[in-house]
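Mind having a look at this structure? Questions to follow.
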Amino acid sequence: MLEALKKEVYEMNMLLPRYGLVTFTWGNVSGIDRESGLFVIKPSGVEYEKLSPEDMVVVDLNGNKVEGRYNPSSDTATHAVLYQRFPKIGGVVHTHSSWATSWAQAGRGIPCYGTTHADYLYGEVPCVRNLTREEIEEAYEKNTGILIADAFEEKGLDYIAMPAVLCKNHGPFTWGKDAKEAVHNAVVLEEVAKMAARCEQINPRVMPAPQSLQDKHYYRKHGANAYYGQEH
Amino acid sequence: MLEALKKEVYEMNMLLPRYGLVTFTWGNVSGIDRESGLFVIKPSGVEYEKLSPEDMVVVDLNGNKVEGRYNPSSDTATHAVLYQRFPKIGGVVHTHSSWATSWAQAGRGIPCYGTTHADYLYGEVPCVRNLTREEIEEAYEKNTGILIADAFEEKGLDYIAMPAVLCKNHGPFTWGKDAKEAVHNAVVLEEVAKMAARCEQINPRVMPAPQSLQDKHYYRKHGANAYYGQEH
Amino acid sequence: MLEALKKEVYEMNMLLPRYGLVTFTWGNVSGIDRESGLFVIKPSGVEYEKLSPEDMVVVDLNGNKVEGRYNPSSDTATHAVLYQRFPKIGGVVHTHSSWATSWAQAGRGIPCYGTTHADYLYGEVPCVRNLTREEIEEAYEKNTGILIADAFEEKGLDYIAMPAVLCKNHGPFTWGKDAKEAVHNAVVLEEVAKMAARCEQINPRVMPAPQSLQDKHYYRKHGANAYYGQEH
Amino acid sequence: MLEALKKEVYEMNMLLPRYGLVTFTWGNVSGIDRESGLFVIKPSGVEYEKLSPEDMVVVDLNGNKVEGRYNPSSDTATHAVLYQRFPKIGGVVHTHSSWATSWAQAGRGIPCYGTTHADYLYGEVPCVRNLTREEIEEAYEKNTGILIADAFEEKGLDYIAMPAVLCKNHGPFTWGKDAKEAVHNAVVLEEVAKMAARCEQINPRVMPAPQSLQDKHYYRKHGANAYYGQEH
C-alpha cells in the first residue's frame, strides 16, 4: 500500500545524510496521504545505507503501525500530532543537524538576521520550552507534538509561514506541503542557524533585519504577488 | 544569440556550487557583451543540476528579457544597474555564501586584516545600508544597484580596486572584468570573510594590516609594476 | 592467530579517517578477545592507506607484543589498563579528533546540553587531570590508563553508561562492548563536543538539559525498558 | 636537471590543495639539492590543475632563475633566505591556510595547548612582526626571510624543533628535512591552529600544557630516545 508515497519518503530520508543533516540514524522524514489518513515514516534506528523503499512503515494518525516489518521511528507520535494539528502539511522532518541543534540546546529562537532566512521562514524561528517531568513520563513523543502545536497557537504563529521549530535541549522539526518541501526547509534552517550564530559572533549587538526587508523577501517568493522562480 | 557568452555564463554559474558558495538556487552569475549592451544571466529559481547553456537568459540594460524561455534571475535589475554605473566591468556575481553573508547580516564591512585580502581587495570591503521601506516598495532590486553605486561614489571607492560589496541583512555582490573574474572574487571574498571573523575571535583588539603591507600586496598583483604570476 | 578479530580491528581503524576523526596516523582502535586475554591493536605510526589486517599487532594485558611484525601503538599500555580495569568492554579508541581534543585542551568536561548527548553518554563527559611529572616519567601511557580508571572509581561513574573520557591537554578515549561500538562512541563524542561548544557560544549562560530529559533519552535507548530501534 | 627533485616538489605542491591548505594558487613548496646549492620551486600564479613536474623552476640561493619556462613563485626570495640561514632544512612551504593565517592576522603566536602540538612543534609557534615600510620597499620577500631567521636567533629558537612560523598579517611558513616533511608540518600547523582557537573559545583562561607533558610527547617522537613509530 501507498507504494508511491513510500518511494518518495524513502528518497527524502536518503537526502538527509547527503545534505549533511544527519549522523548515523539521527533523523527521520515522513509523508502523509491525507485521503486515507495514513502516513509513511522511516523505521527506527536502521542505518541509512541499508534502507529501501519497502522498509518504510505505514502508520495511522494515532501513531499505530498499519503495515511494515520494522518498528516505526521512535518519534512517530510527534509526527502524528503535527499532522493532526497542522492540517495543511504533507511532510515532517526531524534531525539533530548541528547548528539548529546548537540553538535548540542553547534554548534560543533564531532571530531573522537576513534575507536567506526571510526567503523561507517568516519571523523568528521559535524555540519551545522543555516538557515537564510529568509530560515526559506520561507520553514523551506525543507531548512533544502537542507542545509544538500549542506554542504555535499561543503565539499566533502561522505554521505555513513558519515551517520550523526548535525543541529546547533537543533539536529541530520542520514541515512543508510534502516531504520534499519539509527536507528543503530542514536544509534552509540549518544554513540560517549557522549564519545567525556567526553573525552574532561578528557583531554581538546585531538586530533583526528590518520588517520591510523581511516582508519583501518573503512575499516575493510566497503568496499571490510572488515573482521569484518560474511559476508565476 | 550570444552563444559563446551563454556558455561562459553557464559554466561560471556552475562553479558556484562547486566552490561551496551556494545552497539550492541561491546565487547567480551574469556576463555582459558591451558591444550590444546585452547581458546574459541565470534564470530565476532553476536548480543547478537542471541548467544548460541554452537556459541562460539574455536581457538588456533596463533588465528586460530579450531572449530565453525562462524568467531571468529576480536580481537582474541589480546586475543591470551595476553594468550601467560601473562601465569597465564584464561580469557580476551574487551569492548568499555563508561567511560573507554573516558579515552582511552583522551590518559590518570587512577590515583588511592580511595579505590574502590585500592581494585582491584594496581596503575594507564596504557594507551598504538597508534600503528604506519606500525604496524597497518602489523598486527593490533596481534600488539595490543604485545604492551600491551611489555608496562607491560617495566614499570615493574605485570599483576596480574594490570589486565587492556587502548589502546589509542580505549578502554579497562581486564583479570583475568578466564573469570568471567575478566568480574568482566571490571565492576570495568568502575566504577573506571567514578568516577575518576567526581572526577577531582570536584577538578581539586586532587592527587592520599596515597600509604599506596592503599596498605592497595589492600592487605586486595589479597595475603597471605588478610582478606576481606569468604575464609581466 | 585471532584472524577474525584482526580483520574487525583493521576495519574499525579504517573508519577513523572515513569519519574525519584522524589526521595522518593520530588515532588507534583495539579490540579484545576476553577468552585468551589478548587484544589486537593498530601498529604505531603506520599510514592508514598502507595498513592491512595482517599488520594488526597482538598484545597481552601487560601490553607485551605476542605476535606481529610491527611495534604496537605507542598508546598500547593505556588500552591494556582500560581492558583490565573495565572488564565488560571489548574495544577501545583513541583519537585527536578536533572538537573533543579542543575540550580536552581547554581542561573542561563536556556538559550534557541535549538529547544527542543523552542518547549515548549519561551525564557530563569527564576530563581527567594532567599526570604529574613523576607519573609521566615513570610510565606515561600506563599511568594514563590508571588515571582514567581511578577517576571513574572516585567519581562513582559507570563506565558502561559513560563510555568516554577526555585527558587534559591531550585528547579523548572512548570504549564500548566491541571495537565497533567504541568507534561509534568516538563519532558521537566528536559531534557532541562540537555542538556543546557552539551552544555555549550562542548562549554563554546555557545550563545542562533537565535530568528528566536526559533520563528519558538515555533509557529509551538503553536497559530493560528501551524501545528505540528494532531489537526490543 | 634535478628531475627527481622536480618530481618530488611537484607532488608535494599537489598535496596542498588535497589537504585543503590552499585556495587557487595561494601556496608554494620548494625543495633543495644541497650539493649543487640549487632549489626547485613552484612557478608563480599557475593553477594547480595545470602544473606538471617540468613546470617546476630551478633557482639558486640568491633566488635567480637557473632553469624553467616560468617565473618562479613570487615568494622565492623568502625560501632562498630560509635555505641560507637554516642549513639543515631541505624543504619549505608557504600557504594561506585558513586557521594558521587567522592567527597570523591576529598577530599572535600559537601557544602549545596539547599533545597534538607538542608531538611536532616544540613550544609556542612564533609570530614575527610586520616589516617596516622601508624593509617592504627595499626587498619585501627577501626581508621576510631575514626577519624570520633573525627572530629565531634572537629568541634562541631551534629551527629543527620549531619548523613553523607565522608572519603577522600574512600567513605561515613551515619547513622540514625535505619537502614532504615541510608539507606534513604545514598540515600539523593548520590542525593545531584550529584546535587552539576553539580551545580558547571553550575556556578563555586556558593555560599552555605542562612542560613535562610537552617534553614527553616531543621526545617520544624525536631524538635519541624516541619510541613512537617503527624506526627505533
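General observations
The first chain written gets the first letter, and so on, giving A, B, C and D; residue counts start at 1 in each chain.
Throughout what follows, a residue touches a chain if its C-beta (ideal position, glycine included) is under 8 Å from a C-beta of that chain, and two chains touch if they have at least 3 such contacts.
In UniProt terms the chains read A, B, C, D = L-ribulose-5-phosphate 4-epimerase.
In this text, all values refer to a predicted model and were calculated from it rather than measured experimentally.
Put simply, the C-alpha centre of subunit C and that of subunit D have 33 angstrom between them. One inter-chain figure worth recording: subunit B and subunit C are separated by 46 Å, centre to centre, where each centre is the mean of the chain's CA atoms. Across the assembly, subunit A contributes 200-201 as residues in contact with two or more other chains. In terms of inter-chain touching, the protein chains here make up one closed cycle, each touching precisely two others. Chains touching one another, given as pairs, are A-B, A-C, B-D, C-D.
Chain contact summary for the complex, subunit B toward subunit A: residues 23-24, 26, 43-46, 70-71, 74, 96, 98-99, 101-108, 130-133, 136-137, 140, 169-171, 197, 200-201.
Across the complex, subunit C meets subunit A through its residues 113-116, 184, 187-188, 191, 194-196, 198-203, 206, 209-210, 212-213, 216, 220, 227-230, 232.
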